[in-house]
Amino acid sequence: MGFCREQLERMRPLWDRMLHHPFLLSTRDGTIARETFGTWMAQDHLFIEAAVPFLGAMIARAPRAHRETLVAAIGALMEELELFRERAEAAGVELEGTEPAFICHAYIQYLHATAARASYPEAFTVLYVAEKAYLESWSVVRAGIERGSPWMPFVENWTSEGFRDYVGWLEAELDRLAADVGGEERSRLERYFERTLKYEIAFWELAVQGARWPGLDEPTADPVSREG
Amino acid sequence: MGFCREQLERMRPLWDRMLHHPFLLSTRDGTIARETFGTWMAQDHLFIEAAVPFLGAMIARAPRAHRETLVAAIGALMEELELFRERAEAAGVELEGTEPAFICHAYIQYLHATAARASYPEAFTVLYVAEKAYLESWSVVRAGIERGSPWMPFVENWTSEGFRDYVGWLEAELDRLAADVGGEERSRLERYFERTLKYEIAFWELAVQGARWPGLDEPTADPVSREG
Amino acid sequence: MGFCREQLERMRPLWDRMLHHPFLLSTRDGTIARETFGTWMAQDHLFIEAAVPFLGAMIARAPRAHRETLVAAIGALMEELELFRERAEAAGVELEGTEPAFICHAYIQYLHATAARASYPEAFTVLYVAEKAYLESWSVVRAGIERGSPWMPFVENWTSEGFRDYVGWLEAELDRLAADVGGEERSRLERYFERTLKYEIAFWELAVQGARWPGLDEPTADPVSREG
Amino acid sequence: MGFCREQLERMRPLWDRMLHHPFLLSTRDGTIARETFGTWMAQDHLFIEAAVPFLGAMIARAPRAHRETLVAAIGALMEELELFRERAEAAGVELEGTEPAFICHAYIQYLHATAARASYPEAFTVLYVAEKAYLESWSVVRAGIERGSPWMPFVENWTSEGFRDYVGWLEAELDRLAADVGGEERSRLERYFERTLKYEIAFWELAVQGARWPGLDEPTADPVSREG
């Protein structure tokens, strides 16, 4: 059994938690508030914009055999950005000038920090988990969403044949990379797998929590009474 | 007027909000719960451990005249880690095996991402704001804390003559760097200044909120009822 | 007058020296030995392969407005690699398994080191000078080469309308970037400009010197008799 | 048998070639021209200055257990720079304003590129080979140099007990790192080992060749007559 399947099984409870996130279920059921979906759109747009330099940094260290696919993946990101702009206009969501929510900003920093500091297999793990999570999350939505939903184009984007093939390639290549690392690096791959999944969950949570920044947009917790 | 003073004035309301954070006031007044202070200790210990590679990355790009001080700053970080271990043992706080809270992890990623991607003056801005914030925050605590408090050694560490000199050096050098950048980079320095301050506030908030991860350690928000 | 024109004038003697390099003139005149051209082909193929991760690293730090063109530039590099493979087969030159000559290896390290450590405008300067040098160098060859020469496709590649437009874009953007940097960074841009030009000259020299490595493939110099 | 011993045996002929380089033998025998030694001094001074950011970048990615020693190694580099300044003044060698020779510049780029792009074990290999080469090279000189030679302090620096211990630590740690990498990375470690050794040889060669830049400070080769 390859690394990816092994990790997906190890992480099953957390992975299922992600797939049952209220954001996904309410988008599937058509009960999600337009404002909530709009929050996600504006923040995910920022995230995808940050994924372009992340992939650039991956190309900077990729083995030759990975380059072509990663370059094509940047192209796909640029088309996704176009999709966001088109959908945002259709739905009256403002993208320009959106400030990143704390969770979005954090996830973007995680991408950049990983690209710069982690080994290539470690960074590849982050890329795989993020894309695999989107394939499966939007497949959940696809199972029940009305064809005429304004959010249908997002569903189609991340459940398309092309995207499925890309995730399949990532999976096969990560299995191959993971099969050739030593024990310490293998442990680190597992940590990156888990952490990326947690960031994915946090990102869905961001959509429903709104774009707060700890200690700024919410009442400050009181350290004295906490134990009282 | 130099860049630092200018930014400190621009950011005054937010800066004051930081200096009045309940974590600081309750530590000053001796009313803070030991568990709350312990949460901060364990997380800040992780943060300082991450500051070592951050400073390493700064040295990797520093002008010659900055190297000696930055190398000395790594030495100071290592002594701080020793202080944490000693205090943790004295106070019965567990440091080993602590998992980073979301906010701590995010701030660490921000450090690493900045070191890797930002220009040297931008990364230097982050370093300055983080150290200046500690000097002033712990000066607030110093003003009222009892001499015999178990947390007094932290106060002494970040309000010492040596630390004050270091922050003074950072301030003078950042003023000098900022005076020689173009208009676009200057705007980015201001953004880094503001963002770092927000991360500092988030970090104090972490101590009182506890080490939660969005969507995992708290009830998930309900996207339907939010607008209801 | 923009930065590029200013630097091209400052560097005129060295730039002309490059444009009159025997490699270019003998390729133009059809007198170049096939083996010599083959040495260049195999080494430049290695260099272009290294330019892919260099551009990836540029994308990792580029402002949004630069991304699309830089992604397209990677695509162009991949087509160049295809051209090399096709020409190598036609001319009986072995590309696979070629070890980098010292000069080629050094220039590649310079690319990677610059991408990782220099500011974005500095790295952009290296990119501009390398591409501008190729546009003008191959324009020299174009002026006299026989249409039926087996090396004509290289000439066409680097003197095409599309390549000219790309270099024009680089020039305009570098002028813009350079207009907004401070005095110290401006000096560094000038140094990068000059150094890259020297590497370009060294690369032409490599073709005619052959792929030697200092102290290994040549008789070692005698330090005693040197002053004798 | 550990990785280091294995590689030292594999590379024995090349390693011996380095240890018998005329620069070392003539320094040992006291026949080296002062100008030749001065060329090396000025260029090695530049190299050591570049090793400081290289070690900074290593600290940026080092496992916790390596940090202390690497920080101490930066301190040792700073003392070496002091030694160079003192010896340069004593011997009338000009250090300030020295431009890097091509070989020196190339080796520095190799350091920086490796620090930025290679895995940590790969970068650690470069560090080990460079330091091990100096320990053994200067041990060759030590075997015959007159105690009163003005170059004796360099010999003492790189054959001291402390330096020997440091190289021993590097060797043990590299053996440990190499024992835990996969097959592909292991092959890359071997390549880095060999390449670094070749750069070391090139650097001794630089001292005796002088600070030329290909195609600039020497007559340009004639591509036509080369095969004639």
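Going by the order they are written in, the chains are A, B, C and D; count residues from 1 in each one.
The definition used in the following text is that a contact is a pair of C-beta atoms (placed from the backbone, for glycine too) under 8 Å apart; a residue touches a chain by one contact, two chains touch by 3 or more.
Note that this is a predicted model, so its numbers are computed, not measured.
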- [ ] State the pair with the higher C-beta contact count; candidates are B-C and C-D.
- [x] C-D
Task: Option in A-D, A-B or A-C whose residue-number contact pairs overlap B-D by over half - done: A-C
Open item on the list: Can you work out the whole-Å distance between the CA centroids of chain A and chain C?
Closed with: 38
Open item on the list: What's the distance between the Cα centroids of chain B and chain C, rounded to whole Å?
Closed with: 44
- [ ] Between chain C and chain D, tell me the centre distance in angstrom, where each centre is the average of that chain's C-alpha atoms.
- [x] 28
Open item on the list: Please output the residue numbers of chain A that touch at least 2 other chains, ranges allowed.
Closed with: 53, 60-61, 115, 117
Open item on the list: For the complex, give me every residue of chain C touching chain B.
Closed with: 60-61, 117, 119-120, 179-185
Open item on the list: For the complex, give me every residue of chain C touching chain A.
Closed with: 49, 52-62, 64, 67-68, 70-71, 74-75, 78, 115
Open item on the list: Looking at the complex, which residues from chain A come into contact with chain B?
Closed with: 14, 17, 21-23, 26, 31-33, 35-36, 53, 102-103, 105-106, 108-113, 115-117, 195, 198, 201-202, 204-210, 213-216, 220-224, 226-227
